[in-house]
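Residue numbering begins at 1 within each chain, and the chains themselves are lettered A, B, C, D, E and F in the order written.
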Amino acid sequence: MYFHDKRLQYPVRVETPDPLFARQLQQAIGGVEGEIRVCLQYFFQAWGNRSPNPKYRDMLLHTATEEIGHIEMLATAVALNLDQAPLTLQETAAAASPVVNALMGGERPRHVVEGMLQQHLLSSGLAAMPVNSDGIPFDCSHIYASGNVAGDMFANVTAEATGRTLAVRLYNAAKDPGMKDMLSFLIARDTMHQQQWLAAIEELGGPAALPIPNSFDQSLERQEFSYVYMGTNVNGEPPPEGRFNTGPSMDGKAQFSTIQSTPLGEAPVLGPAREGSGAQAEQIGKL
Amino acid sequence: MYFHDKRLQYPVRVETPDPLFARQLQQAIGGVEGEIRVCLQYFFQAWGNRSPNPKYRDMLLHTATEEIGHIEMLATAVALNLDQAPLTLQETAAAASPVVNALMGGERPRHVVEGMLQQHLLSSGLAAMPVNSDGIPFDCSHIYASGNVAGDMFANVTAEATGRTLAVRLYNAAKDPGMKDMLSFLIARDTMHQQQWLAAIEELGGPAALPIPNSFDQSLERQEFSYVYMGTNVNGEPPPEGRFNTGPSMDGKAQFSTIQSTPLGEAPVLGPAREGSGAQAEQIGKL
Amino acid sequence: MYFHDKRLQYPVRVETPDPLFARQLQQAIGGVEGEIRVCLQYFFQAWGNRSPNPKYRDMLLHTATEEIGHIEMLATAVALNLDQAPLTLQETAAAASPVVNALMGGERPRHVVEGMLQQHLLSSGLAAMPVNSDGIPFDCSHIYASGNVAGDMFANVTAEATGRTLAVRLYNAAKDPGMKDMLSFLIARDTMHQQQWLAAIEELGGPAALPIPNSFDQSLERQEFSYVYMGTNVNGEPPPEGRFNTGPSMDGKAQFSTIQSTPLGEAPVLGPAREGSGAQAEQIGKL
Amino acid sequence: MYFHDKRLQYPVRVETPDPLFARQLQQAIGGVEGEIRVCLQYFFQAWGNRSPNPKYRDMLLHTATEEIGHIEMLATAVALNLDQAPLTLQETAAAASPVVNALMGGERPRHVVEGMLQQHLLSSGLAAMPVNSDGIPFDCSHIYASGNVAGDMFANVTAEATGRTLAVRLYNAAKDPGMKDMLSFLIARDTMHQQQWLAAIEELGGPAALPIPNSFDQSLERQEFSYVYMGTNVNGEPPPEGRFNTGPSMDGKAQFSTIQSTPLGEAPVLGPAREGSGAQAEQIGKL
Amino acid sequence: MYFHDKRLQYPVRVETPDPLFARQLQQAIGGVEGEIRVCLQYFFQAWGNRSPNPKYRDMLLHTATEEIGHIEMLATAVALNLDQAPLTLQETAAAASPVVNALMGGERPRHVVEGMLQQHLLSSGLAAMPVNSDGIPFDCSHIYASGNVAGDMFANVTAEATGRTLAVRLYNAAKDPGMKDMLSFLIARDTMHQQQWLAAIEELGGPAALPIPNSFDQSLERQEFSYVYMGTNVNGEPPPEGRFNTGPSMDGKAQFSTIQSTPLGEAPVLGPAREGSGAQAEQIGKL
Amino acid sequence: MYFHDKRLQYPVRVETPDPLFARQLQQAIGGVEGEIRVCLQYFFQAWGNRSPNPKYRDMLLHTATEEIGHIEMLATAVALNLDQAPLTLQETAAAASPVVNALMGGERPRHVVEGMLQQHLLSSGLAAMPVNSDGIPFDCSHIYASGNVAGDMFANVTAEATGRTLAVRLYNAAKDPGMKDMLSFLIARDTMHQQQWLAAIEELGGPAALPIPNSFDQSLERQEFSYVYMGTNVNGEPPPEGRFNTGPSMDGKAQFSTIQSTPLGEAPVLGPAREGSGAQAEQIGKL
């Protein structure tokens, strides 16, 4: 079960509110690279973890709980950036300088309103929403919890890699020193979280954890295709050479090689549609 | 641009059609671990790849093109498994043995119809659909192409790890020898594809590729939090010990350590709502 | 604006309620081939119709209004089919015959519950929902109203073609005479609606309405590719011959022909990623 | 920020695992009436609360934090109910009694597999997912946080009313004493949460909080339509009489009355489509 | 069944078309607070209403039918606001004043195009769509019809509370007198609809309708938790005091009190993963 | 199975990159009228085609394969249009002319950033995504493959009609000669694809293919309603006259006529809710 402290994990302050930056921060809340995703992902991985050893369950719970606090920081940052947002085009006009007003016909720079997430104005009352920077709600199909702990660790590295990439882009886009400070903290945590899941993969055996799942008897797979890079160039032009098709495989079990793809199967034959199946008469063979 | 051969990449045959297995195979077509996802993911990564060196673009194109053929194989397998599916409950009854019919009241085993994806009966005319095993359409928010090639490679390992886990589950669930054979091929290809993206990560520098993105100047992040595992247990009970909080960090730049989380910020103060913002009068301070 | 009559457009009665049939009927309510779709599609086409002549706007309004009544009929049919649905597995057991109970261990045929849309039991209280037969909510991206009246008429023919195909499948699956009667009416209306939109296309000029939109000056398109079927077979094997690649074109403006696809463009070059864009250092050319 | 305790808020135990009940419990996790929804809804309402008085922000935080623990309890219950779930049809057969096997052809009662959420078998490895009982992922458009605290309190009452209705249905459907016990606790908490948000509405002024938002000057609305029930029966048959159209209005500002709806506006005229807008030539007036 | 009148329920006129206002109005059509939602919600509640008394079914039908006319009014308003929308950036330039053109380089104020819903330009041909103000299609999971009439009435109050809040925000944002007039009517109707559903709750017993559903025997719930506000502050700091945790409960059955949350359960133990379930070997206990 | 050529089907070049045009092009990639849709639609129709004659399967495969190349062209065009996109507001300022900067306060024309798809900046690293012009991901419920080949051909005409309408709108909006050239090719291909599916309908019998599905015995439908246009005007005002309600029907089987809609059914009676179904006591008849 869970507890809260009213204070934030790290300070969040905004000197110059900017409604466009509020919109951009939404990507870190409700985007597929965002904090709702990692928070729920780590929770569902923890809650469903099956293992003789509760270690990863425990580890995941600590970090999942930390992530709630990150959503909270970002939601606070969005609200603070919306503090002076224009509610109407008229208000925009009033705020603009006289010379701009004169040039623009008395109602601009209306683009400040145009560039906002309209839902910030109309749906949330100038507060954060669980949506991305283009207003699309987060959906939980992005919570990856496969029941395979090694696969899940790679999903977590991915989430933190795209998450840190996003945080870096936001840091670069930010002008406000408070926002840069907050992001410098979140970027550091993403650094750690990338490290942490990679460390878990090492602990799970590194190459010995492969191929995932490593509980499947590989003699049952068609092993002549297990370490072969297949080229699909129409002219048979060979694929580029790289670590991915030369040298020993990453799990140490074979040597990589390359072949050109060719069809091993036949053209499929499904045959006629059945009577009563809603097909056209031709498909049933009645015409 | 692209070309096709009518023949399948690998043979697909079904001796005993089973509409429940058709439903389960849908997960490998339209599930988040499925083949539409990897196919489009590799294509969008290739088409958007920015780099002085076109190597990864090329590599991705070969494999993306291969994946179209995997969707095709699975779609064929679904259709073949639906070949004898009952179109109605009455038809089910006719197919059942007399003794079962007598016991069940002349209309059963109707559960064969009940267990089907109803859309297979009603929407597709006994053919595959771009949906998962519970009938939910694939949506392209699952195509991860972040513009960061290292992050994308981890996304690809994840996709192939969950993909192979799924293929193994389907292999275990399959009874038909044709289906087992087809899956033994797809599992082998998933083995290779895991290897291949991991090899690319090694080629991109392995630890030197970290933290992702490695083009951000780490002196700008709050580095005292970059290699620290944070515990959130309410009683201060220390987290489990593991590779993820002891020893050198995975990128070789620091030592892991552990601290208990405490609030560094204050309780946020958003202040009153604004006049005209649609809040209650109390929120505006008017009551 | 709109008015209602409490009575249904056509009688809806169910002699033997069947919760599986309730589930199947949902496809005709909230499926992409269903009645919510056509209803809202015709309304949005009518409300947004731009033309010097209000004829199609009017025509669409009549039929859109009729379709509300079809949703109502189907929603009533779903509720009536759920009338005796088991609320629990225990209840199922009580309803089963003694001999079945004995064989099955006292709790079956539980598959009746298993085959239900669980949301019918848990979310709607045994009533219809705006979802399809696998429980997926209708979403309004399926409302096609393009602003081009001819394109919209084809969208409407499509909706009624898939709608009638679905209704026929439901008719074939139905056993209850009341349900067969209701469906015989809805099928008839789908017949008419197919006819009606095709008649509108004829009235809009038939071939003269093509290509859609017919307000674009065709001299601006690369006309050497406007009436050519392109083969993409990897071995250059010619496509099948048919009306679609032989004889005069459907708009009478050209002759169909066939060519083999070949690349007319070059391999695209996007160049390096930019500093500050969150890419890996290699992509920026820094390593 | 947030903290966790490894122990559950209330005991969760399952004596007889049932994969169908696991599926039904999913509605309480990822359904629109479920716990992810209330948890995130209360958090976003708290984080975005604008008011001179932080009372509701605080109140919401306490309860939001409690709700994480409810998701955790339910996720645990789902996993425990999946403990003995068949992984394959063959496994099902082995578990069935000989007499049933004989009658059913050696592979049944396969309906136990057919009735499962297939994603439980194929995607989560027999663990809970953030989806509803038909497998549809929760999406965050259901997080209602409008920036108006009174409106939000009604949204919360609604969430707890539908939540308790769902919990009652699950209680009725449950056979396992552990599950009944857990649900008796969750139902009690839903009782309190309904009470709590209603108490907040009373504290916000009850009738004086109406109409929501109460910060809008009602003289600006067309008040002759503000307390009038409008009948739309085509024959002018009067609507049923009830508290909703007789007596003083709920906010004490007027008397309810009833009128028959009639059009006050005209048929809209949008005029021709514009050149270059992609319409048919007829719509532009060119034919 | 249903009928239409070509005339609108209330006049809709636009003196100065504004494509940004067209976009904002979309929230009232396809937003979760919008008119498609209430229209379909009241219809599905009516069509599925189970009761010995048809009163609420009838009441709902009248208002549902009225709401179709509201969607129609808003769709008309959107189309009229798009009447002069620029189709291209070039057109924008031509419309701008010479001095602005000179300053801006001959192609601006392009922000008018940038601020539009791009789908208005590209998909609908300058007409309304069933989407919200950021272009996201309405999805029918927002149609709440729970089978419990009291719960549904609260859902309806919520819908009208957020709906009126939205209409007020649009009124405040509107500059055009025709739009202000239309919104003054819609706000009035939202006032009435809030009143009407609250009146129904009073008629359903007010406190006696609680807790919802009131048909569940409360002795079966863990009543020691039914009227207790639970604090989750990590330091045990007591929650704020308010009507929600002091005094008699809203249903008159108990006194509110407050306790600090503590775990009553144990840490859950799921045990090892099963052979053949696609887990890692460690999880199965094989390593 | 499938093969690729690195070169594009047709040249794609951009002289003056424009991030707004990049956004608009997204509609042609991930919009419902876009190329992902037609590509997957033709593939699923081909892969599931049931017929004694493989002709349409073959035809569909050629064109589906061509469409992958169209997505590739558009994805390339999006990336090229994003080449100089500002990554931050500051960068925008630097690029603006001194006089504009002076007037605008040193940070504008920030609307260039405001008008971008924020995901282009934050999620894809300035590359194409499988989303529409307002950032909404494509979802595969738009892949129509009904199992009825005639219905599918109409779905394909619709897709190409809305697709060409979109391409024409983009052509009109484009200023860059490279983009106009690329679109002139895509428009030509859409012309052909419209023709091609219409030709297939003719080959399938034209009127003889109607009503779809033509394998249903029409004597089973209520034929007195099969060729009748139903008016729903509340005042009985007759519908407009047109080809759709006068003359012979399009399938030549009847004459069109018009009637005014009247209820043929009764008001439905669902009766009381059941004990244990989670309804209010009144609904069950207990109060």
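The rule is short, and it goes like this: a residue touches a chain if its C-beta (ideal position, glycine included) is under 8 Å from a C-beta of that chain, and two chains touch if they have at least 3 such contacts.
What you see is a predicted model; the values in this text were computed from it and never measured.
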Legend entry - chain E and chain D - chains in contact with each: A, B, C, F
Inset, instruction - Please decide if copies chain C and chain D contact each other with the same set of residue positions, more than half shared, or with different positions, and reply same or different. - result: different
Legend entry - Intercentroid distance (Cα basis), chain C paired with chain B, Å: 27
Legend entry - Gap in Å, rounded to a whole number, between the CA centres of chain E and chain B: 31
Legend entry - For chain C paired with chain E, centre-to-centre distance based on mean C-alpha positions, whole Å: 26
Inset, instruction - Would you give the residues of chain F that are in contact with at least 2 other chains, written as numbers and ranges? - result: 1-9, 32-33, 47-50, 54, 58, 61-62, 65-66, 69, 76, 79, 87-88, 103, 111, 114-115, 123, 125-127, 134-137, 139, 141, 146-148, 150, 165-166, 168-169, 172, 212-213, 216, 232-234, 261, 263, 267-268, 270-271, 273-274, 276-279
Inset, instruction - Determine the shape of the graph in which chains are vertices and touching pairs are edges (line, ring, star, complete, other). - result: complete
Legend entry - Residue ranges of chain E touching chain C (in the complex, touch as defined): 1-9, 30, 36, 40, 43-44, 47-50, 58, 61-62, 64-66, 68-69, 71-72, 75-76, 79, 123-131, 137-141, 143, 145-148
Legend entry - Contact set on chain C toward chain D in their complex: 1-6, 47-54, 87-90, 103-105, 108, 110-111, 113-115, 117-119, 121-123, 125, 134-137, 146-150, 204-205, 209, 212-216
Legend entry - Complex contacts: residues of chain F adjacent to chain E: 20, 23-24, 27, 31-33, 97, 99-100, 103, 109, 111-112, 114-115, 132-136, 165-166, 169-170, 172-173, 175, 232-235, 261, 263, 267-275, 277-287
Inset, instruction - Using the touch definition up top, name the residues of chain A that touch chain B in the complex. - result: 3, 5-12, 32-33, 54-55, 58-59, 61-63, 65-66, 69, 73, 76, 79-80, 83, 87-88, 125-127, 136, 139, 141-142, 144, 146-148, 150-151, 154-155, 157-158, 161-162, 164-165, 168, 171, 184-185, 187-192, 194-200, 202-203, 210-213, 216, 218, 220-234, 239-240, 242-245, 249-251, 256, 261, 263-268, 270-271, 273-274, 276-279
Legend entry - List of chain E residues in touch with chain B within their complex: 165-166, 168-169, 172, 234, 276-278
